[in-house]
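In what comes next, subunit A is part of two complexes: it sits with subunit B in the first one and with subunit C in the second one.
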Partner chain A sequence: MTVEVEHVSVRYDAVTALDDMSLTVAPGQVVGILGINGAGKSSLLRAIAGVGRVSSGTIRVDGKADRTALRAACAFAPDSGGVYPIAAERTGRLFGDVWPGFDVAAFEGWLDRLQVPRGRPGTTLSRGQAARLRLATVLSRPGDVLLLDEPLGGIDPASRDRIAEALALHLAETGRTTLVATHEVTEVEPLLERVVVIEDGRVAWDEEADALRARTGRSVDLWLRRRA
Partner chain B sequence: MRQWMRLLRMELTVTRPPYLWLAGGTVAFVAVLALLDRVGVTWMPIAGLWTLAYAGPGSTFGYGIAYWVRDAQCGTDVWWLALPVSGVGKVAAKLVAATSLGLCTSVVGGAAVLAWFAALPSHVPSLTPAAVACALLTVPVMSLAGLLVVWWPLRARERFGRRAGIAVMIVGYVIAYGALGSLGWVYSRPTPFGPLVVTAASGIELPVWPLVAAWVIAIAMVLRLGVWLDRESVAGAAPWHRARS
Partner chain C sequence: MTAPTRWAIDPSLPIYEQIWRTLAGAIARGEIAPGEALPSVRDLAVQLGVNVNTVQKAYRTLESARLAQSRPGQGTFAQADAAAIARHRERQIDESVARLLEDLETWGVGADAAADTVARFVRNGGSTGGTAR
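Up next is the complex of A and B:
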């Protein structure tokens, strides 16, 4: 599915999170949304997912712009929350009951693969464990567009590479259009086909990842660090 | 309809733990009432009857509304928002779940107070028309108080940790149950200047309407603060974000 962001601005009282931003993502493309804290990455993902504020502009996914369509098409994992005060496996069964297309078997598999503790309420999990649970949930729900906000946030370094590999395999199998907002660029870099850097709510850089690496002779992570 | 029932079951499952917290607080409150009665603060059990009869469904209804407002304004529970069920169905499930669980809390708490009254028959209040009017007023006011005793503590716990959540909950209980309990008691004591509120066993009295107005303003501020916490957090512009960067 194509994601189109046209002249979108997001304002929270006195703060402008996105400023007249435009961006088009081709079907199946995996895009890294990079930038410093407060650059507007989360606001962009939330707006595309149909759960965040849009002060002006239009967002379309597969040509549809209404929020219900965005929410149905976009599987969005936020950088916090998204866990309930019940055991992880129970969450999956509940979603399986009310959410057509939610794959409970796949969810169970992800719980094992991501090593999410079973039997413990989601709200008692550590930050990294909650991030794993969010990933398991979002990868099991329907939606052709995958939006991941800091998917590896809080996850220990030893596990990040393994989780990134599992994620890469999933994307290769499903061909989901994906936007990943992250600071863990090194671990996610092998997934990225395109790099978009956001500064002050605007697109400051937009380039194919391979082209960027060939041009600069550096990894995206290193290039980003030098750029800062 | 079947889908709606499934959604309701999910809501009941997911929201039950916070309600257990509320029930625990109610039981603790009854215990405090009993203790105060022991030391001679005799109006407290009557205040407790009024609040417990209405605080359960009222405050939990407010809790349901608070979460609905938060999700609608801030997109906090992204899974709930993404569920392919009509918006009306989602809100109805949330409110029905909240209110039914609140009723259970209220029944348990109310029974405890009635049992206490049975041991002390002199405390049974008279059901004057003014008292009934008070009860009717208490329901919507306690709906708002639900924000204070449940929602705000949860937000404080999420943001600042368990201790902060407990501290805010205690303050919330003292204000919501104490103030509104006293409101229920003194409505049966009208004066030419309007009903007066007995604020303590010492007999200090205050006009009721400024108190009600203060309550409405306070709860509106609580609601605004809660939404602000989420919104600014999403924007990365809250004070703790600025401090970190």
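Up next is the complex of A and C:
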């Protein structure tokens, strides 16, 4: 599904999180939304997911702009939360009951593959375990557009590798249009076709990842570090 | 098939190029037999942890170089087109020579002296030594 962001601004009182941003993502494309904390990455993902504020401008997914349609089309994983004081496997059954189209069997499979401990309340999980649980949840949700906010944020290298592997498998199987907001690129870099750098709520750079490598002789990760 | 050679992706080089060149080399050297199926796009993407569209692009490049052929619904297969293999081999050799010349240049050996230097290296069994004779 095509994602179209047209002249979108997001303002909170004195703060402008997104400033007249425009961006189009083609169906099946996997895009890295890169930038430092506070650049506007989360505001962009939340706006596309139909859960965040949009002060002006239009967002369309598959041509539809109303928030209900956005919510139905997008599987969104925020950068925190998504854990509850019940065991992970019970979370899945609960989502299956209340969330139309949630795939409980797929969720069970992802819990195993991502090695999320069972039988322990979600709230007692480590940061890395909670991040893997959030990923298991979002990968089992319906929606043709996958939106991941900092899926690797501040977690251990082993968890990051596991997340990158799971994501590679999921994307190869589903071909979902995907936006990954992250400031840590290393593990997901090979999965990204295109990189969009956001600075001060605007698109500061937008290029195919392989074109960037050919042009600079550097990895996206290193290029980004040098740029900062 | 399993991948002909285990290889790690170098993120500082275009990924589709690494994929198509590795496979082209394996096909040109006969490590992947003519007619043999290449891994499916999905399998290779998962195995290497890269984007499916990147593998797709690598396969299209292999096809336009006539080193592989895709059959609808069946996958992509290595192709033993002698002219294409010769072209690929030539291109690889050209690149190797260009790299060598570039490197020799940094040591003050110009292109005109490079052939003599290489000949001396071979004659002396692995050394260009004794420049002052």
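The criterion applied here is as follows: the second predicted complex is superposed on the first by the 227 of 228 C-alpha atoms of A that agree within 3 Å, B and C clash if a C-alpha of one lies under 4 Å from a C-alpha of the other, contacts with A are read in each partner's own complex, and residues count from 1 in each chain.
Here, a residue touches a chain if its C-beta (ideal position, glycine included) is under 8 Å from a C-beta of that chain, and two chains touch if they have at least 3 such contacts.
Since this is a predicted model, take the numbers as computed values, not measurements.
Trainee: After the overlay on subunit A, what do you see for subunit B versus subunit C, clash or fit?
Mentor: Verdict on subunit A: subunit B and subunit C fit.
Trainee: In the superposed arrangement, which partner chain does A:222 touch: subunit B (first), subunit C (second), both, or neither?
Mentor: In the superposed model, A:222 contacts subunit C only, not subunit B.
Trainee: State whether A:175 touches subunit B only (first), subunit C only (second), both chains, or neither.
Mentor: A:175 sits against subunit C, while subunit B stays out of touch.
Trainee: Determine, under the contact definition given at the top, whether A:193 touches first (subunit B), second (subunit C), both, or neither.
Mentor: A:193: touches subunit C, not subunit B.
Trainee: Of the two partner chains, subunit B (first) and subunit C (second), which one does A:214 touch, if any: first, second, both, or neither?
Mentor: After superposition on chain A, A:214 lies in contact with subunit C alone.
Trainee: For the overlay on chain A, what angle lies at subunit A between subunit B and subunit C, C-alpha centres, nearest 10°?
Mentor: 160
Trainee: Per the contact definition in the header, classify A:30: touching subunit B only (first), subunit C only (second), both, or neither.
Mentor: second
Trainee: Which partner does A:78 contact after superposing on A: first (subunit B), second (subunit C), both, neither?
Mentor: A:78 sits against subunit B, while subunit C stays out of touch.
Trainee: Looking at subunit A, does subunit C or subunit B touch more of its residues?
Mentor: Result: the larger residue contact count on subunit A belongs to B.
Trainee: Would you check which partner chain A:166 touches, where first means subunit B only, second means subunit C only, and both and neither mean what they say?
Mentor: A:166 contacts neither subunit B nor subunit C.
Trainee: Regarding the shared-chain residue A:65, is it in contact with subunit B (first), subunit C (second), both, or neither?
Mentor: After superposition on chain A, A:65 lies in contact with neither partner.
Trainee: Nearest approach of subunit B to subunit C by C-alpha atoms in the superposition, in Å, rounded to an integer.
Mentor: 27
Trainee: Counting contacts the way the document defines them, which residues of subunit A are shared by the two interfaces, the one with subunit B and the one with subunit C?
Mentor: Shared contact residues on subunit A: none.
Trainee: Can you tell me which positions in subunit A touch subunit C when the two form their complex?
Mentor: Residues 28-30, 164-165, 168-169, 171-173, 175, 186, 189-193, 209-211, 213-214, 217-222.
Trainee: Once bound in the complex, which stretches of subunit A touch subunit B?
Mentor: 12-13, 15, 17, 36-38, 42-43, 46, 49-53, 71-72, 74-78, 81-82, 84-86, 90, 94-95, 97-100, 121, 123, 137, 141, 143
Trainee: Help me check something: in the complex, which residues belonging to subunit C touch subunit A?
Mentor: The contact residues of subunit C facing subunit A are 9, 11-17, 42-43, 45-46, 48-54.
Trainee: What residues of subunit B sit close enough to touch subunit A in their complex?
Mentor: Interface residues on subunit B, with respect to subunit A: 3, 6-7, 9-10, 13-14, 17-18, 75-79, 81-85, 231-232, 234-237, 241, 244-245.
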